[in-house]
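Look at the two complexes coming up: chain A is in both, with chain B in one and chain C in the other.
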Partner chain A sequence: MSRPKLGQSVRRSRWSHFTAQNVPSLLALLILIATLVFYAVLFSTSLGRLPGNFELTSTTNNAMPLVFSAVGQTIVFLSRGIDLSVGGMMDISNSLAATRMGGSPGSMVLWSIIILLVGAAGGLINGLLVALGRLQPILVTLATLSIFQGVAIKVLPQPGGKVPTGYTDFLTNPGHPWALIFIGLLVLFWLAFRRTAFGVAIYAVGNDEESARANGIRVVRTRVGAYVVGGMFAAAAGLFLAATTTSGDATAGDSYTLTSIAAAFLGGTTIFGGRGSALGSIAGALVLSILISVLFFAGINQLYEDFYQGLFLVLAVALSALVGYFLRRKK
Partner chain B sequence: MTGADGTERSSPIIEAVGVSKSFGAVRALSEASFGAGAGEVHGLVGENGAGKSTLIKILSGVLRPDSGEIRVEGQRVELSSPQAAQALGIRTVFQELTLLPWMTVAENLLIRREPKGFGPLLRRREMSSRAEEMLASLGIENIDPLELVANLPLDQRQIVEIVRTVTREPKILFLDEPTSSLAMREVEWLFGLLNQMRGEGRCIVFTSHRWREVESVADRITIFRDGRHVETHAEIDEDHAVTLMTGRKVETMYPELPPADDEEVALEVRNLGGGSLSDISFSLHKGEILGVGGLEGQGQRDLFLALFGAGEKSEGDILIDGKPARIRNPNDAIRAKLGIALVPEDRKSEGLLLPMSVRDNLTLPVMKLFSAGGVIRSRREMRLVQQMVERLQIRLRGSEQAVATLSGGNQQKVLVGRWLLADSRILLLYDVTRGVDVATKHDIYELMLALISEGRSILFYSSDTEEVAHLSHRVLVMREGRINAELKGSEIDAESIVTAALREEDVPA
Partner chain C sequence: MSGQRNGRLSSLPALRRLTPDRRRTLYAFAAAVLLFLIGALVRPGFIEPSSVKSILVVASFVGFVATGQAFVILIGGIDLSVPWVLNASAILLVTSSLGQDDRAAEAVLLCLGLGLLTGLVNGLGIVFLSVPAVVMTLGMNGIMQGLTLGLSKGFTCHACSSSSPAVVRDAITNNLLGVPADLYVWLGVVLLVTFALGFTTFGRRVYAVGNNERASYLAGVNVRLTTVVLYMLSGLFAAFTGIALVGYGGSPSLGIGDPYLFQSIAAVVIGGMSILGGRGSYLGVVAGSITLVALVSVLQAMNMPDYGRSIVYGVVVLLILLLYGREEREV
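On to the complex of A and B.
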C-alpha cells in the first residue's frame, strides 16, 4: 500500500526566510546607518569637515560599556527574563577595577578574570532566585540592583581610584579605534553562541517553557545560565566603563540598566522571550551612543538629552512595529 | 481483561494494571487497566473526562499514578519522568502541542539532536537539509523546513509534531487526538503512516472523537468511561460503542430540526470580497441555521472572520435587519445593536482567558449589565452566571474554577454562554464541535435548536459534513472563496454537499 503524499513543494530561498525572520535586527542596522549619515552631515555642517579618526575612536570607546551590557541584557531577554541589576553589577565591576587593579599585566589579567567571575556570581544569584525560587525576574533583579549598588559603595565609598593606563590603552585606546575589534569579536561570539546547544536552549525556553521541557531541555539550568552569562557581560561592561573613564565611581554604571534595556528593544529583541538577536542589540547600543553626539552637534541643551533620547526610542520602536505590520499585511 | 470476543493477542508490550489517579477531589482514573501489543494500532475512545488523556500521560511518564502498576514488555517499570519513558522507547504526541513557535520547522524537528560540527558548535546549515529529508521520507512536501512554526496553520503544526515524534523511532507511540485539527487528506496520510509503523512491529495507541477514523484504522478498540476500562473489542459497531461510552442509549445522534418559517432577514451579505473571498452574497433569516460546507480551507474561516470584523479588510456590504452595518473590528460586531458573536474552533487563542474563572469568562463582555457606576454588583452577576451554567449544562465544580481546567466541550459552552449573556442575535459557530465528545456534541446540538427557537440566527460551519447536513435549513457550499452552490431542504445530505464542493463552477458569469 503506497502512502498518500501531502501537498506540493513550496520553498522560499534561504535568504528570503532570513530577511523575513530578522526584520527587527535588520531594521536596527538600517537605523544605525541612517544615524551615522545624519551624524556625519551635522558634523560637517557645523565643523566644515568630515568626522575622522578622533571622532571614530571616542565614539566607539564611549559606546563599549553600552554594547556589552546590551548583549548581556539580550541573552536574559531571550530566556524570557529581564535583568535590572546590570547597572549595579557595572558599579561593582567599575569600583573593583579602579581600586584593586595594579599596573602589571599579571594583575590586570588576574583582576579582569576575578571581576568577570564576580559578574557570574551575581548572575548566579539572580538566576537561582528566578529559576529555582520561581520569583518574578523584575522583582529579583530590582532587589539585587540595590544590593549590588550597596556593595559597590562599600568597595569605593568616594569616586576616585585609578585604572592603569595600560588597561585603558588595551580596552579603549584613546588614540586608535581599536575597540572596534571587540565589537567584531562580540559578533563572532554571538554567531558561535547561537550555534551551541546552550544558545538553542535559551531560545527554546524563551519560546515556551513547557514545550522546551517536553523536548528534553533542562529549563532551570538554562535560565540560570542565561543570568550568569548576562552577569558576566555586565561585569565586562563595567570594565570598559572603568577603562574609558580611567577612574572609578560607584554610581557610574547606574544609568546602564535602562539604556541596556532600550538598546535591546531598539535591536528588536522582545521582552516576551525567544525572539531577537544580540546583533540587533549591538546596533541598537551604537545608535543610542551616536545619538548623544548627534544631539550635541544639533545644539541641543545637554539637560534635554534624556528627553530627546526617549523621543527617539519611541519613534524607532514605533517605526519597527509599523514596518512589521505592513510586512504582515503584505503576506 | 480482554473483550468478550476474546481477541487474545501476543502478550502486551505495554500494560497498565489497576491504575488510579485523582486530582484533588476529582477521580480521573479508578482501577483502570489497559494493554496494547506490538504490531498493533489500538484505538482508545471515550467521552471527554473518561480518563484517556490521563492514562496516556501516566504511560508517558508525565503523571505518576496514585496506585497500580505499569509493565513494559512484561517487566514492571517506574515511569518517573518523560525521559524515563522515552528511554524505554515510549513517545507521545500530546493534545497540547509542544512546538516552539518562534523557531523554524527544522529547529523544532531536530532539537536536542542537531548535527554536530566543530567543537560545541552545531551545523545550522545542515539542519534544513536534514529536516527536508525527514519530511520527504514521510511524504510531506508542503512544509518548508525554514519556515517559523508560528507561521504554519494549525494542521501543519500538528503534522510537524507528529513527524518529530515518529522520527525518534518509538517502540510504543501514543497519539492523543492527533486528527482533531487535520483535514481529510492529512488524516489519510497519518493513517498510511500508522499502517506502515504497524508493519514494522511498533505499538500505536491513539484517541479520536471521530468514530469512522477509529474504526478504519484500529485493530482493536478500547472504550473508557468515567475513568474505567469498559471493554476491548476487535469489531464493534458505532451504536454499541456510543452506548458503552456514554452509558446510555443515544437513539439518534442528531435532533430533529424544526422548520424555519420566518421570512424576516437578520443578516444579509452582498458581494463580500477581499482576502481569499470573492463575491459572496447570501441572507440569513431569523430562527434559521444556515450551514456552510465545502472542503476544508475554501475560505470558510475568512468568511466567519470577516463577518465578525476580525478578518482582512473586505469589500461588499453587510446588512443587519436591512440596515447597512460597518464592521471594522470585533467590538463593532459584538455591540448590542448588531449582536454578532463568533464561537471559534481554537478556543484557547480566540476568545477564552484560560487562567481566569468561568464566571469572569462568562461576564467579561457584559459587565455593564450588572454594574452600577463602574462597580460590579456581584450578587446579580452570580445569579446570571448560575442560570447560564444550568442552562448550558456546563460541568464544573464551581463558577470560580479556571476555564483552563474544563474539558474542550465545556469550554465551548462557556463561550456560547458568554454570547447569550451579551444577547447576541446572530451566532457564527465555526467548527465548534471539533475535538468534543459525543455527549457534549449532543448538548451543543440541542442548544443550537433552543437558540433558533428564540428567534436567533446561526451561521454554522463544521469540518464534519454530516453535522452540517443534519443541522442546517440551508447549506452554502464554498469553493475557492466563492459560494459554489446553495442546497435547500431535502436536497441536503452529506453526499450532495461533497458533490457540490467538488464541482467546478458552472454558474454563468
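On to the complex of A and C.
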C-alpha cells in the first residue's frame, strides 16, 4: 500500500497523467489485442487460413449480449454500486421479445421501446431502494434478481417463442458482422455520455459522495439514474440475446449477472466507484467471448471453459493491480 | 432517532435497551416464528414436529454455507465461490469413496481438504495479489466449475454414478431421540462458532478487522493471516455442506450448489449482519437461515406457482431489509 504524496500529480506531464488514469483500460485493450492475435495464430495453424467473415460475424454476434450487459454493469459500478439483477432483467427482456414481438417493423420498434422502458423501470426500483431506502446495492439487486426471474417465468413459462427473423437480421445479422456497428455506436455513446453533466456526476458520486454533494451534485438523483441506465442496458442485452438465439428462454440471461461483473472487472472498472470506463468493459466482454473460440482452437475440452475463464479473470485483474502498483512506486 | 430508523417496534423500552445487534437477532427469530405461524394458518399440519424437523434440516444446509459466508462478510469480504466448491466436494465424495463405507473417512477428509485449499487460494489471492474479493472468488467459482465438469467428463464418469457411503447417509439422516442427526451437527456448529466469535481472541480479531483493518493492524492483529483463515473456513463450510447434501439426498448432481450462493448471503444479512463487515451476531445468521427456508416452505404450502414464489421471496427479503437492514443516514 503506497500512500500518494502531496504535489506529485501536479508535476506529472499530461501524457503520464493520461496513462496513469487509464492504465486499466489500456491494459484491457492490450489484453484484447493479445487475445485476438493469439486467436488468429491458433486459427490459422489449425485451419490453414485466417479467420474470415463467418468467424468475425459469429464471434461478434455472440459477444453482443455480454457487451451490453457489461456496459450497464460498468455505469452502476462507477456510481459505487453493483447490479446483480442484470441476469433477471435480461430474462424478462428476452421472454417479452420472444412472446410479444410481431413480424412487422412497427411492432418490432414498439416492443423494443417498451422493453427498454421495462428495463428502465426495473433500474428505477433498484435505484430508489438503494438511494432512498439506504440499502446495500448488493442486497437490493439480489432481491430484485429473484423478483425479475419470477416475472420472466410468468411471461414465458416454457422455453420457446419466436423472435421475428427481421429482428435477428437487424441486430445480429447471421451473414455479416453488422453488429460491429452497434459496438461502434456504443463507443460513440460512451464518449459523449461521460462528458455530459450526468456522466460527470456519476464519476463524482462514485469517487466521493460527500464532496460531490458539497459541489452541488444531486447525489440521490445521480445514483438512481445510474441504475436506470444500467437497467436499460440490461434490457438491451436481453434483446440482443433474443436476437442471436432467435427464441426465448426465461433463464437464458441468468449467467450474465456474473459474466457482466467479470467483463467489467477485466476492463479495469472496480466496484469501489469512480474508476474505469465502459470502453474497457467492452474490451473485457470481447476478450471473454473470444477466449471461448481460443480454447476451442487450442483443442481444449469445452467442459474446461469455465476453468480458463475464471483463471484468466483472476490473472488479468491481478496483473492490472500489479502494473498499477509499480506505476505508482516508480514516481 | 433510532426509533425512526428501525420502525415503531424499537420504541418499546424493553427493545431499546438491547444493543442493535441483539435487536436484529431478535427480529430475525421473530420473523422465523411468524412464518411458522402463517404456515400453520395456511396448512394446519405445518407446525407438526415432523414438518418442523424437515424444514429445519433443509435450513441447516443453508445454515452451514451461511456460517462460512458470515465469517468472510464479517471482515467486509464475500465468497462467491461457494456454489462450485460445494458441488465439487459433493461429487468428490462419491467418486473417491465409490459409495463404500471403508473409504468414507478418507473421502470426507479429502473433501474438507479441498474446501480448505480453495479457501486458501482465495485468501492468498485477495491478500497478496490484491485481487478484490468479488473477482477472486468469482474466478475461483469458474475454476472449480471447469475442473469439476472437466475431470468428471461432464458428470458422466464411471465413478460418478456411485451414491453416498452408508455411514455418511446415516450421520445425516438417522434419528437420534427422534431428531435427525443432522440437526445435532448443526447445533454443534452453532455452539462452536458462537463460542469462537464471542469468547475467543480469534473472534475479537475477526470483528476488529471487520471494523477497521488499519486500526487492527496497528493494534497488532495479523490482518493477512486472519483474512486467509476466514476464507479457508468459508471453503471448509461449503465443502462440508456438499458432503451433508450428498448424505441427505443420496447422490450428487450438477448445479446442487447454485441456490446456496444467494441464499447464504441473504441469510447472513437477514440475520442482521452488515455486508460492510464488523457488525452482527452469528445467532442472527442461524435465524436468517431458518427464516429463508420457512418462507419457501410457507409459499410451497400455499401451492404458489414457481414464478410467484420467486417474486414473493424477493419482496419479503426486501421488506425485511427495509425493516432493519438500512444504513445510517450519513449527513
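Methods note: the second predicted complex is superposed on the first by the 315 of 331 C-alpha atoms of A that agree within 3 Å, B and C clash if a C-alpha of one lies under 4 Å from a C-alpha of the other, contacts with A are read in each partner's own complex, and residues count from 1 in each chain.
Convention: a contact is a pair of C-beta atoms (placed from the backbone, for glycine too) under 8 Å apart; a residue touches a chain by one contact, two chains touch by 3 or more.
Bear in mind the structure is a predicted one, so any value in this text is a computation, not a measurement.
**Q** On the A-aligned overlay, A:275 touches which partner chain: chain B = first, chain C = second, or both, or neither?
**A** After superposing on A, A:275 lies in contact with chain B but is clear of chain C.
**Q** Which partner, once the models are overlaid, touches more of chain A's residues, chain C or chain B?
**A** For chain A, the partner with the higher number of touched residues is C.
**Q** For A:262, select first, second, both or neither according to whether it touches chain B, chain C, the two together, or no partner.
**A** Touch partner of A:262: chain C, not chain B.
**Q** Once the structures are superposed on A, label A:203 by its partner contacts, choosing first (chain B), second (chain C), both or neither.
**A** After superposition on chain A, A:203 lies in contact with chain B alone.
**Q** Name the contact category of A:102: first (chain B only), second (chain C only), both, or neither.
**A** Once the two structures are laid over each other on A, A:102 reaches no partner at all.
**Q** By the touch definition at the top of the document, which applies to A:166: first (chain B), second (chain C), both, or neither?
**A** neither
**Q** Once chain A of both complexes is superposed, is A:215 in touch with chain B (first), chain C (second), both, or neither?
**A** first
**Q** Per the definitions at the top, what is the overlap between the chain A residues touching chain B and those touching chain C?
**A** 210
**Q** Which positions of chain C touch chain A when the two form their complex?
**A** Touch list, chain C to chain A: 78, 80, 125, 129-132, 134-136, 138-147, 149-150, 153-154, 262, 265-266, 269, 275-276, 306-315, 317-318, 321-322, 325-327, 329-331.
**Q** Considering the complex alone, what residue numbers of chain A touch chain C?
**A** 82, 129, 133-136, 138-140, 142-154, 157, 209-210, 213, 258, 261-262, 265, 270-272, 301, 303-311, 313-314, 317-318, 321-322, 325
**Q** Give the list of chain B residues in touch with chain A in this complex.
**A** 82-83, 86, 94, 96-104, 107, 111-112, 114, 117, 120-124, 128, 138-144, 146-148, 159, 185-186, 188-189, 192-193, 195-196
**Q** Going by the contact rule at the top, pick out the chain A residues touching chain B in the complex.
**A** Touch residues, chain A against chain B: 1-12, 14, 17, 21, 192, 194-197, 200, 203-204, 207-208, 210-212, 214-217, 274-275.
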